[in-house]
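Input: structures, listed below.
One chain, chain A, links the two complexes that follow: it is found with chain B in the first and with chain C in the second.
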Partner chain A sequence: MDQAEVLKEKVQEGFMVEGIDDMNEEYLKALKQTLTIVGDTELLSVPPLLTVYDQAPTLNNKITALAIMQDEIGHAHIAYRLLKDLGEDTDGLLYSREPNRWKNPYAFDFQLSNWIELGVFNALFDRAGYTLLGDAGQHTSYGPWRRALVKVDKEELFHLRNGEIIMRSAMKDPELRGKVQEAVDWMFIMALEFFGVADNLKSRSQQIEYKLKGKTNDELRQTWLSTAVPFCESIGVKVPAHYDEETEKFVLDVPFPCKFDVENKKWLFDQPDTWDNVIKRFKARGPQNQQFVERIQQGAKELEKLRNEAVS
Partner chain B sequence: MTAVSTNTQKYWEALKEVMDPEFPISVVDMGLIYDIQEEDGVIDITMTFTAVGCACTEWIQGDIEKRLMEETEIRQVNIEVVWDPPWTVARLSPEARKRMKSWGVSSR
Partner chain C sequence: MIEQLEKRTTFDVFTRIKRGDNLVHIGTIDAETAELAKVYAAYTYDEEDWVEMCVVERNQLNWVKKPKGLFAGKGA
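Coming up: the complex of A and B.
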């Protein structure tokens, strides 16, 4: 049995990886990729939230939104700190990386249109994060990450509940009901895309084999649907999915994946698409990718400029 | 005739189901509830928050009111927020400390 097989077997049997000495190159690479996606996702969730936080209906709502953003930056810090311990140049990652090299979900490359969308962002996108990180928290073989996720998990639940409160109260207001539905119409499918390509298109997953995560993409999508669909239905929001008694699974009522009209933030359900094309769309990035990454890097770059001017 | 409730224990128990939004510890175990009085279906809560800038004051008050209104005899909930005595971590219950420790969060 080669070294990789031995490690895979060990982690499947419950061995916890605590440091680089416990890893092989493949594990280290997969772990770094995973933590980069996680850190980027946490950090880049902040700029879209910032686009509408000043529309908060009350001061306390605004402070809640700021507390959530602070949490997200804290979560990003955890992921980058773990990367630093693994030998990554995190300053380089944060401040020198080109916008299109960031690994946050495509859904975060869009500015929000109103406060309701911030609520739906929390209720649907944070739910996706909660689903993914909850799985990692339960299953990941990387000990330092697993321990750090205990706190993250509790905070993500707070974000999710904030979203649910915003959506629930907006649904009681005749003027805002339509806005909730409009937001869910584009954000529901976006959230489903978080979980990545369908299982039958993946030949193998190192993330699963090395137990960086426990469940497959499709299983995680089901977990998300199992709470997102009942919640939306309970408050009167229509979603393009339902529970199928026969297969005991949630099924989508629209083609997935399908093409997306970026400008109007609308899914083109008459134009089913392939995962290959979706990945191309992800890689081409969404409309605010550059602006949002520049926002993150702005302070560091300005300081660097000042420092250079002072020296010269 | 006025029914003055001498035993508010059931309301303390009820509020043990109302969780702080940021960490799932009840508002009772957080030490946020200072006093509960009930008279003729009207309940008066005296409470505080962990900080003046608490991100969830309206949220927590809404949850408290909603839970207490589930008690059939209750028809009104009044909440008075006070800042004296100020909340400190000393007000956390042993249960709250235990849970925070299990999450890796300091309660000192």
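Coming up: the complex of A and C.
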């Protein structure tokens, strides 16, 4: 048996990978890709949250929002420190990488329009993070990551509960109800895209074969739907999905994937799309991609400039 | 890239949640000095109200035993 077969068989039997000596090149590459996506996602969740945090209705809300952003930076730190231990140049990744090379979800390349959207961001997007990382925490074969995810799991649950509180209280206010629905209308489908290409379009997944994660994209989408849909319905928010008794699955009432009107943040349900086009849209990045990445890199670049000036 | 960063070393962070618990490795911190490592660790790992937390510079750890690599010397 070659290394790939040996390792795949062992991790499926429960073997925990602890260091580079336990990996083949393929595993190391898949692990680094996964951790880069995770680190970038955690870190780039902060700039969109920052666009509206000063609209917090109370000081308590503001403190909570800041605590959530601090958590996200802590989670990013975990992914990057694991990458550093795997030999990656994390300073280069953070401060020298072009904005369009970052791997955060497309949904994070948008400015938020109001405080309610911050709540929906927490309730739907953090729920996607909680679903994805909860699965990794339970199943991943990489020991250092599994241990680190204990902290992440606790904190992401707190974020999504915060989002639920904001949504629930806004739904009781006649002036804000409409805003919750408007936010969910574009963010619900965005959250579904977090989980990636449909299973039937993927011939094989190294992430699953090497047990970096446990469930498939579609299974994780179902997990997310199984809590997001009942929650939204319970507070009177309409969502384009329902539970189908016959198949015992959640099904979408709109074409998915479909085209998105970036300017108006609206899904064009009369224009179904392919996953190939969605991936193209992801790669082209969203409207604030450059600005948000520059925001992250700004301090380090300014400090470097000052140092250079002081030396010369 | 930044001169200061080159002087940083890695510290491993260990914590105990409450009396009687095991002291557990929870992560790492890169810092210029042990004093800064303590501050960074306290801010970064604040998910519990630890009864005990310490940082150890990684090159100060003396390994008696390590897991034998599955592909020792032949893998990635």
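Basically, the second predicted complex is superposed on the first by the 312 of 312 C-alpha atoms of A that agree within 3 Å, B and C clash if a C-alpha of one lies under 4 Å from a C-alpha of the other, contacts with A are read in each partner's own complex, and residues count from 1 in each chain.
Here is the rule we use: a residue touches a chain if its C-beta (ideal position, glycine included) is under 8 Å from a C-beta of that chain, and two chains touch if they have at least 3 such contacts.
All figures in this text were calculated on a predicted structure; none of them were measured in a lab.
J.: For A:Leu7 in the superposed arrangement: first (chain B), second (chain C), both or neither?
T.: Second partner only, chain C.
J.: In the overlay, answer first, second, both or neither for which of chain B and chain C A:Met23 touches.
T.: A:Met23 sits against chain C, while chain B stays out of touch.
J.: On the A-aligned overlay, A:Gly74 touches which partner chain: chain B = first, chain C = second, or both, or neither?
T.: Second partner only.
J.: On the A-aligned overlay, A:Lys151 touches which partner chain: chain B = first, chain C = second, or both, or neither?
T.: Both partners, chain B and chain C.
J.: Please tell me which partner, chain B or chain C, touches more residues of chain A.
T.: C
J.: Look at A:Asn162 in the shared chain and tell me whether it touches chain B only, chain C only, both, or neither; answer first, second, both or neither.
T.: In the superposition, A:Asn162 contacts chain B only.
J.: Between chain B (first) and chain C (second), which, if any, makes contact with A:Asn61: first, second, both or neither?
T.: Touch partner of A:Asn61: chain B, not chain C.
J.: Counting contacts the way the document defines them, which residues of chain A are shared by the two interfaces, the one with chain B and the one with chain C?
T.: 147-148, 151, 154-155.
J.: Tell me, which parts of chain A touch chain C in their complex?
T.: Per the touch definition, chain A meets chain C at residues 3, 6-7, 10, 15, 17-25, 27-28, 74, 77-78, 81, 84-85, 91-92, 95-96, 147-148, 151, 154-155, 300, 303-304, 307.
J.: Which bits of chain C are touching chain A when the two form their complex?
T.: 1-3, 5, 10, 25-28, 30, 44-47, 66-76
J.: Which bits of chain B are touching chain A when the two form their complex?
T.: It is residues 21-24, 53-59, 102-105 of chain B that touch chain A.
J.: If you look only at chain A, which of its residues touch chain B in the complex?
T.: Against chain B, chain A makes touches at 58, 60-61, 63-64, 66-67, 147-148, 150-151, 154-155, 157-158, 161-162, 165.
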